[in-house]
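Right, I'll just put the structure down here and ask away after.
Chain IDs A, B, C and D follow the sequence of writing; residue 1 opens each chain.
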Amino acid sequence: MDKKIKVSIIGSTGYVGAEVVHGFLFHPDVKIAHLTSQSFIGQKFSDIYPVYRGICDIELEGSSEEDIVRIAKDSDLVITALPHGVSSKMVPVIVENGARVIDHSGDFRYKNIETYTKSYKLDHPHPELLKDAVYGLPEFYRDQLKTTKITANPGCYPTCSLVALAPFLKKGLIKTDMIIIDATSGVTGAGRKSDLAYAYCEVDEAFKPYGAVGHRHTTEISEQCSFLAGDETGKSINVTFTPHLAPFKRGMVASIYVKPSDAFKAEGVTSEKINEVYSDFYKDEQFVRVLPGKNLPDVKFVNGSNYIDVNGMYDPDTDMIKLFSAQDNLGKGAALQAIQAFNAMFGLEEGTGLTNLVRGV
Amino acid sequence: MDKKIKVSIIGSTGYVGAEVVHGFLFHPDVKIAHLTSQSFIGQKFSDIYPVYRGICDIELEGSSEEDIVRIAKDSDLVITALPHGVSSKMVPVIVENGARVIDHSGDFRYKNIETYTKSYKLDHPHPELLKDAVYGLPEFYRDQLKTTKITANPGCYPTCSLVALAPFLKKGLIKTDMIIIDATSGVTGAGRKSDLAYAYCEVDEAFKPYGAVGHRHTTEISEQCSFLAGDETGKSINVTFTPHLAPFKRGMVASIYVKPSDAFKAEGVTSEKINEVYSDFYKDEQFVRVLPGKNLPDVKFVNGSNYIDVNGMYDPDTDMIKLFSAQDNLGKGAALQAIQAFNAMFGLEEGTGLTNLVRGV
Amino acid sequence: MDKKIKVSIIGSTGYVGAEVVHGFLFHPDVKIAHLTSQSFIGQKFSDIYPVYRGICDIELEGSSEEDIVRIAKDSDLVITALPHGVSSKMVPVIVENGARVIDHSGDFRYKNIETYTKSYKLDHPHPELLKDAVYGLPEFYRDQLKTTKITANPGCYPTCSLVALAPFLKKGLIKTDMIIIDATSGVTGAGRKSDLAYAYCEVDEAFKPYGAVGHRHTTEISEQCSFLAGDETGKSINVTFTPHLAPFKRGMVASIYVKPSDAFKAEGVTSEKINEVYSDFYKDEQFVRVLPGKNLPDVKFVNGSNYIDVNGMYDPDTDMIKLFSAQDNLGKGAALQAIQAFNAMFGLEEGTGLTNLVRGV
Amino acid sequence: MDKKIKVSIIGSTGYVGAEVVHGFLFHPDVKIAHLTSQSFIGQKFSDIYPVYRGICDIELEGSSEEDIVRIAKDSDLVITALPHGVSSKMVPVIVENGARVIDHSGDFRYKNIETYTKSYKLDHPHPELLKDAVYGLPEFYRDQLKTTKITANPGCYPTCSLVALAPFLKKGLIKTDMIIIDATSGVTGAGRKSDLAYAYCEVDEAFKPYGAVGHRHTTEISEQCSFLAGDETGKSINVTFTPHLAPFKRGMVASIYVKPSDAFKAEGVTSEKINEVYSDFYKDEQFVRVLPGKNLPDVKFVNGSNYIDVNGMYDPDTDMIKLFSAQDNLGKGAALQAIQAFNAMFGLEEGTGLTNLVRGV
């Protein structure tokens, strides 16, 4: 490609923003145009993340509406890592000024405005944009990504859950009235901030469930599950979801409990069949890895990467299907999935700039 | 008490054994008589655990059958932290030689011999002893503990699960055909051994499910759930159970998903009601702490101790009850529960030697 | 003891304060009278540290000067865990109102007021009190502790360094013109606060030197080294000191490099001799453990406790003596040493309430 | 480059070997020809490191002498990650069969055979090769690397120490009779093996010095320091060296204490001057980063990479220079430095395949 695509990142010094920078830094077709920060204007990106000293010394700009207009005019794509309620105001500004957007907030993830309102306790200033925004899970929506102006990057827990559930929902292999998702995240999921709750001495040697009722990702997962199951209203499925916080930096596991549908029961459910369903469904996906045999996912095997590993098992004693998935919450769960979506949006091979992002030891 | 009770520990240098030593070292009514080890005979306990230098310099003895006969004769109680299949042979020897026993293996935890055989793939040399052995969860079996010769110390996952479930099973408040237990343990749960799977660089920054179908604790939990639900055969309930391994040393959380029974539904299920059920059921228990309001358990708050914290919530959108419990897998989940059972067995106040075992910061 | 000693803690919810509470909770001769907090007035101590739910539910009071007067009148001892510059104002108030004090700040640790002023960049409002305050290292100052009104609890790095150096300084076995102390602390050393620098994701998998020139503990160590070497002015020795931050919660190691004095050289320096010097010097100290042979200290072996482990070696190739010590920075390095000093101040056996504070696994 | 260079790795499943694989996998000019393993012959590399599933599924071969002959004939370069004593036998075999070698053991790092013998307690079967082997620190030996058949990849501690010391040794700015290196390594430094000493529960929340007298890297550092100081015999300098083990996976810090030479004193030593010395000396080095001002190195900023960060300070109170460096022990300290040396050996730009290897969050 002769001319690089100009990408800017609004909110580049949070963990998600910084991981987006990381991914684009080494992307062969991209030139990072602007990086903004609320707290560190005028400093270099490498002052905040000294890892990048000599590698990314771009000066951080502000992110006022004026800044964003200017940046949008000078960018092909703007990535926004802003709080919900802020994105809903800024994303339309960016689009009006000629750039496409990938947004990391919850503001453009829903099709049902009332579900958004209930989940985020906010009035959306531009509900008319929801129908055009595309949910940025390339495995399911890559065709729509090609032309969208607004990509809503999925939540980390939703990505982890939906990739594990999709084949079974799409093929009608599970009952949809009880989907239990028990998930665990590393601490980067809480963002980069001064908060005693995430201080080293509070999180180390600790483990806990949180947000056990009413976590926002519950409705996001439910709406997308409904779509995957063929319900265009997005309202038929309500999942049970519990997140947990564990003492590691990056990574996420979803352990999912579902019952086989009558149709699947008639076929005869086995662990091998579950593995085959996955292998068949994801055979052309480069970032979804179906583990062989009884191998179960581990965050260790996906960290730093855009990979998501899945496998499942059948427990005949309780007629229960267990599905497991592991991803990097900042990788496939956030920043690197955004780059995958970017590749899809701009007609590039979807793995461009992503395939060598893994951490071995 | 004038005369100290003589306690010996067979297998004292594993993590469970060492934690038993820890508890008894500071127990006001106990004198540690003998400590054995398979690998470190002749060394001092403090050579293996230098924490105890100057505190517990007892010399480690062997644990051949001859040793065990001699030790049993010189002890009021023998704690065995031996592999299953070995305990079933040694425990009867101890009892014959005059000491009472608390055994940490799975060999005396079941009432149904066929469930044991299926779970452990072993023939039990003394199935006749199973009916007399008492399952060492003092909260449910303290009366039987007073007189038993053999106490089978419960598994860590079973203790964590059963304390959370008991009130609801005993009172018929949940459906028993679907009990899903998703649990996470610290690494001490794997024991003290040279095993690459538990090396620092393999476990740090990692998280994974394991033993997703057929983990032995599944049948132990199921049998005890059946008893708690009033089924004397111990066979009516089959739970769904998945353990996970997380990068911390001590601690365990169980996150449990159950449906309210029709009776409970008729009453009107709420999170407050669930909290009341717990508070009422455990109001006289000193080691079960019911967290107030929406507070959820955290391993951080129970580590080093015999406490187990519980709370629950109701999700009206999915008609699902979520129950949560946290304990120290080596504390209430193993060694310190054994000391609580010991206190019950020997007519001591149940908290003796246990109430100051907590870790603050 | 018939009547318990009434102890109050000012600043009880920081890590040091909480560890003081921990120690006194289980101290047989103490009744905790008052706990204060700046941020959590009106809440229970166990709301802030849920570990202590049901164990220490004392309500937190404020710490205005008025509060402190009232608390001092109702206490035999007040422990202050206040910032430097605040302690220097409040400690005299406490003493005037009838209580003795153990202070955790740097405000009463120096004898040379100009060294304090230079190190802390503060004018001391009560320099006249410095000469009466006793440096609370019981191993060296236990006689003075018996009668003092003000005990200045030593810094964590100074305790770790001084215990390792004392025998060699007191006996003239090392040159005093070059003492290099390279030390590493766990993260609790930074205190309990919302500070991005100590967030889990910033500290995990990280390790760094900090404060490489001018760390305040340098002058505190230097003054005390001078006293130990027999220089009553406290000004003859200047140590070289570098602290490091490592990803664990509690614990501290000092690795010290010194040259043997001519006198020691004349005797013939060996690793065995160094070990003997320690063993002889500390033979009556219950909390200083001299490791045998070539065993080196590890924070793992002292955590949660008031123990400090030491050993040393001689490197004939470079004529260098290496001294090593490990302690819990919150234990012997702060809160538990305060309890040891308290025992000395109130005529109790020095190990009272401390000997069972160790963490095995 | 039209034709890829064929590289094989002997001992590819240890942590160093696997990191070499990682680096070469994404190297634009390299084709990995063969991977061997002692324990996992016939399995795929990705069976051992599932991170690489779908990325590196190469089958692991054996490493008998016969295997090595065959592999050497089919490779342009062979990387050996073998134990010392084994390398000294196998490296000559590889060279005889036509491949160049980068060896990770200590067997070819010394010029003085007696120093090797004393340090490793081994007779070297091919002492005649030592003079031709090149010490693989490209910053100092890149010219010799161009033509060498045998590159001895430096030890991790030596690299970290020598890069920090070199400018001062080369320019005569420090006294050479006292060089104290206090260093700390992450746990990967101990290698990938089943060893209780490196089990998660033994290393987590622990920190200790080890090998305090006689660690092998001491003599390696000393010999190279002598060369850097201009002493061709390699025998004039003896450094004092103490390693520590800390609970993180990757990374290493060296904190070094030296005295300024009279010449440097005459100039006037300051922290700024020290920084200038570094900046000037390393101005053309892409992997040595001199931190500005008072910024000190942190392993967090170099992990996953071939970068090494340095800075120094002068303490006028004690006339002591402190030098600090941080690197990834597996990166610049081992595997990635080997790739940098490989680039030098094969006439490639030295940063090829290395510049995008950093870990941000």
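Annotations
Note that in this section contacts are C-beta pairs under 8 Å (C-beta built on N, C-alpha and C of every residue); 3 or more make two chains touch, one makes a residue touch a chain.
Computed from a predicted structure; not experimentally measured.
Distance from the centre of subunit A peaks at C, each centre being the average of the chain's Cα atoms. Comparing chain pairs A-D and A-C, the larger number of C-beta contacts belongs to A-D.
Subunit A and subunit D have centres, each the mean of its CA atoms, that are 38 Å apart. Chain geometry summary: the mean Cα position of subunit C and that of subunit D are 39 Å apart. Distance between subunit A and subunit C, defined via averaged C-alpha coordinates, is recorded as 47 Å.
Residue numbers of subunit D whose C-beta contacts span two or more other chains: 15, 188, 201-202, 204-205, 247-250, 298, 300, 303, 361.
Taken as a graph of touching chains, this assembly is fully connected, with contact between every pair of chains. By the touch criterion given at the top, residues 15, 18-19, 21-22, 25-26, 49-55, 188, 205, 249-250, 286, 289, 291, 295, 298, 300-305, 309, 330, 355-356, 358-361 of subunit C touch subunit B in their complex. On the side of subunit A, the complex with subunit B involves touching residues 178, 180, 182, 184, 186, 201-202, 204-210, 212-213, 218, 238-240, 242, 244, 246-251, 253, 255, 257, 271, 294, 296-300, 303, 313-315, 317-318, 320, 322, 324, 326, 361. Residues 15, 187-188, 192-196, 198-205, 247-249 of subunit D touch subunit B in their complex.
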